[in-house]
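Shared between the two complexes below is subunit A, which pairs with subunit B and subunit C, respectively.
Showing the complex of A and B:
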């Protein structure tokens, strides 16, 4: 029973780790730089496809067979190709503002999805199969931890601060001598590269990828993860990813009536989270924690007061 | 060359439906700067509502009127319950709520009416619902199903179907009517005032909440017209028609210049024609990307859209 449960939980846990990495990448773009990208899944798909193409087509040619080395290189390939795709999208699109930028990223994602459907070498609409199994749960979680740690460090560097300053007030940031275009570009590129990492992990864990991964609905899931968790912190994005993966999984075990319609409950949860805690669940968690702390300190104060 | 003209004409009908949906996106965005992602689902709900109303034996104008009122009021309720509490909570929170609403409506319709496409005369899927409604649904053979006109104009080989012409004419008249309403009537001017300068509009006595509700109502009612036309033209409605047409209609609204009424029509027509051209020249697998390709090119050259006016940002 326990073993079955463990075996069953491998796939949801892997998906959680991958969604969390995607969300961390988007957090930098959306929460950090304040750019709404509705096409984040496309960079993830580009990373996944290139990494898979590398291990399937290029690796035998280069004579690489050592799995660890191969996986590391394919991670680099995934991140690099997603970064390149990000560059192609960002250089023209970052001149646009707000909702127009959102629309342009959505458009590019649709174009990338359409292109992937039409490339026969990677399976077309049927999807890319026959990818060797190179990554697994430990890989996913190590990369997640690494990305989380690196982003936490990055946020404290000069560039990390400049990104947030640009988000808060672009004109003020420019008057302080920040090159706002460059900071936005670097946030976008870094976020895309992280999505590419997630893609490389995904294809080598599930041994399959289809053009659906570049779909608008996938991008929406990542945006939901970032916003539901609370877009101003890294923890919020990981929390959001956990909720997005866990809620449909848990509802699977619910009674029939609920299980069959779990997408309805999922949608309701999204709406209610936004209505009652528009800054995301992370703020709710913090508020509760603070109240708890206050209660503790006040009871401590009373005790001290009583003693004094 | 001859094919080209034929495809251009065919594209007008597809584009007209996009345009009718795009009007709703454009109006709501103009007033609230909100992308109402659930708008495409209103189109889908409207298409279902009208199809079932007609299948119950109602004449089509009554069915359309009922559908416009029902979906319009639904949109107003949606705004009051889900968007109004989030005013002032930033731009993202209402956007995510809209995505949630879109998911909710799509899955609700799928759960109640089944995931399969429905065509005239619509039947309620097997189960408790069908036992309940079965006694009210009239015999399909006695039903008067309205048809779009079947005839053709034929000049040398250029064929124009009456039905396409009719859809196009309806779209043009609706757009003109809406533009007149916004320019000449008092409530219409209220909508424009709110879009231009919300605070000043409130100061001169434009009823804020009422005007916003009206904007949502009109947008939804137009989406129902689009739903009826699409449902009759394809003889098919599905729970997924909202998401695909909605996304393209939104692209059309941005393409023409969001917040500009004739822009929505122009954007819809451009997208419809582009799609028809790709299908005509055997590139239909690229169809879904094309709308967005054009959109990006236009946005880069004219970020405010084809008919939009650039606004200066003042510090």
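Showing the complex of A and C:
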């Protein structure tokens, strides 16, 4: 029984880890730089397909077969290809203000989705199969931990500071010598590359990817994770990813009527979060934790007082 | 006078020649020329809507002029990007305070150093020991700047939670972090009480004394301007109507007319009272 449960939980946990990595990438773009990207899943799909194509087609040709080395290179391929795709979208679009970038990324995601459906070498509409199993739950969580740690460090670097300054006030940032265009571009590219990492992990864990992964609805899920968790915090994005993956898993046991409406629940959660905790669920969790700590220490104090 | 003593050892730093900008059919600023020498505080005054802030925006690259040029010594800055002009040595503050709202007081000041740290991003990402000293130096520099403007005790406050007067001082500290040669202050005393204004005047004098900067000041408080500035330029409807020392400007009938209307020119012109009286 226990064994079955463990085995069953591997897939949702893997998906949680991958969604969390995607969300961390989008957190940098949306929460860090204040740019709305509605095509985050497309960069993830570009990374996934490129990494898969590399291991399926290029690796045998190059004579690479050592799994660890192959996985490391495919992570680089995934991140690199997503970064390149990000460059193509961002260079013309970041000169535009706010909503235009959202529309451009949305259009880009549509193009990627349609293109993938029509490339037979990567399976077309049937999806890309026959990808070797190179990554697993430990891989996913290692990369998640590494990305989380690196982004926490990154926020304290000069570029991290410049990104937040640019988000808060672009005119003031420029008056301090910050090249705001280059700054926004770096945030967008870095966030896209992180999505590409998640893509490379996904294809080698599930040994399959379909064009649906580039779909708009997938991008919305990542935006929701970042917004529900709390845009300004890395912890919030991971928390948001947990909720977005956990809710459908839990609903699996609910009757069809309830399960099919899951996007409505997410909408309700978003409204709830915006009303009661605009900084996301992470601030709610932190507040509860603090209150709990205070209660515990005060009850401890009472006990000590009673003894004395 | 003290200020004329200073001007002997000063040289022209910032020079605006013939600046003109039109927004659609409206000529916001026409044929505007001005120089800011080192070691000196120059004032730019005029009624509301005269185009003073537009002049700042032209000089700092927020707008590109239709005609005219801006030079910092021999370097042409006309219509260069705002960040290029800042790096060249022209810093500014804003009339409607523009602090980074989500960031601490210390981070607001550190942001001015962020681009100078570009090359160090990877090292600081990996927390290499070499970078620790550099980061420590920057932090030290930022804290010194905060204590220079009197904000040392507020380093970890959220910037926008500061009282209004302190927010203005933080903007000055942030601008000074770029190590400017010329500092443009847009109504730095607005919303301050008389004590705060006196402190601010002392601070501006100290900035000029310590760093030999040229300061260009927009301000509505005439007492503040007359005390601080060696030279004044008066702007009305986008055009320069007078240039001179505070004493000359106070007697200038054109200036009095601009501030008080045509009829008042004869009445109050003689006693040389502050034209700023009309502001209230």
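To be clear about the criterion, the second predicted complex is superposed on the first by the 267 of 308 C-alpha atoms of A that agree within 3 Å, B and C clash if a C-alpha of one lies under 4 Å from a C-alpha of the other, contacts with A are read in each partner's own complex, and residues count from 1 in each chain.
In this section, a contact is a pair of C-beta atoms (placed from the backbone, for glycine too) under 8 Å apart; a residue touches a chain by one contact, two chains touch by 3 or more.
Just so we're clear, the structure is a prediction, and the values are computed from it rather than from any experiment.
> Per the contact definition in the header, classify A:165: touching subunit B only (first), subunit C only (second), both, or neither.
second
> So in the superposed three-chain picture, is A:6 touching just subunit B, just subunit C, both, or none of them (first/second/both/neither)?
neither
> Just checking: does A:263 make contact with subunit B only, subunit C only, both, or neither of them? Give me first, second, both or neither.
In the superposition, A:263 contacts subunit B only.
> Return first, second, both or neither, reflecting whether A:156 touches subunit B, subunit C, both chains, or no partner chain.
The answer is second: A:156 touches subunit C but not subunit B.
> Looking only at subunit A, is it subunit B or subunit C that touches more of its residues?
The partner making contact with more of subunit A's residues is B.
> I'd like to know which partner A:254 touches here: subunit B for first, subunit C for second, both or neither.
Once the two structures are laid over each other on A, A:254 reaches no partner at all.
> If you stack the two complexes on chain A, which partner ends up touching A:62: first (subunit B), second (subunit C), both, or neither?
A:62: touches no partner chain.
> Should A:178 be classified as contacting the first partner (subunit B), the second (subunit C), both, or neither?
In the superposition, A:178 touches subunit C alone.
> Of all the subunit A residues, which ones make contact with subunit B and with subunit C?
In subunit A, residues 171 are touched by subunit B and also by subunit C.
> List the residues on subunit A that touch subunit C in their complex, please.
Within the complex, subunit A contacts subunit C at residues 150, 153-154, 156-159, 161-162, 164-165, 167-169, 171-180, 232.
> Please output the residues of subunit C touching subunit A within their complex, sorted ascending.
My answer: residues 60-62, 81-83, 86-87, 91-92, 94, 98-103, 107, 110-118, 120-121, 124-127, 174-175, 177-178.
> For a test of understanding, state which residues of subunit B touch subunit A in their complex under the given definition.
My answer: residues 29, 33, 35, 82, 85-86, 89-97, 99-101, 103-104, 107-108, 111, 247, 250-251, 254, 258, 285-286, 288-289, 291-293, 295-296, 299-300, 303, 315.
> Where on subunit A does subunit B make contact in their complex?
Counting only subunit A, the residues touching subunit B are 30, 36, 92-93, 95-100, 102-104, 106-108, 110-111, 113-115, 117-118, 171, 216, 220, 223-224, 227-228, 231, 260-261, 263-264, 266-268, 270-271, 274-275, 278-279.
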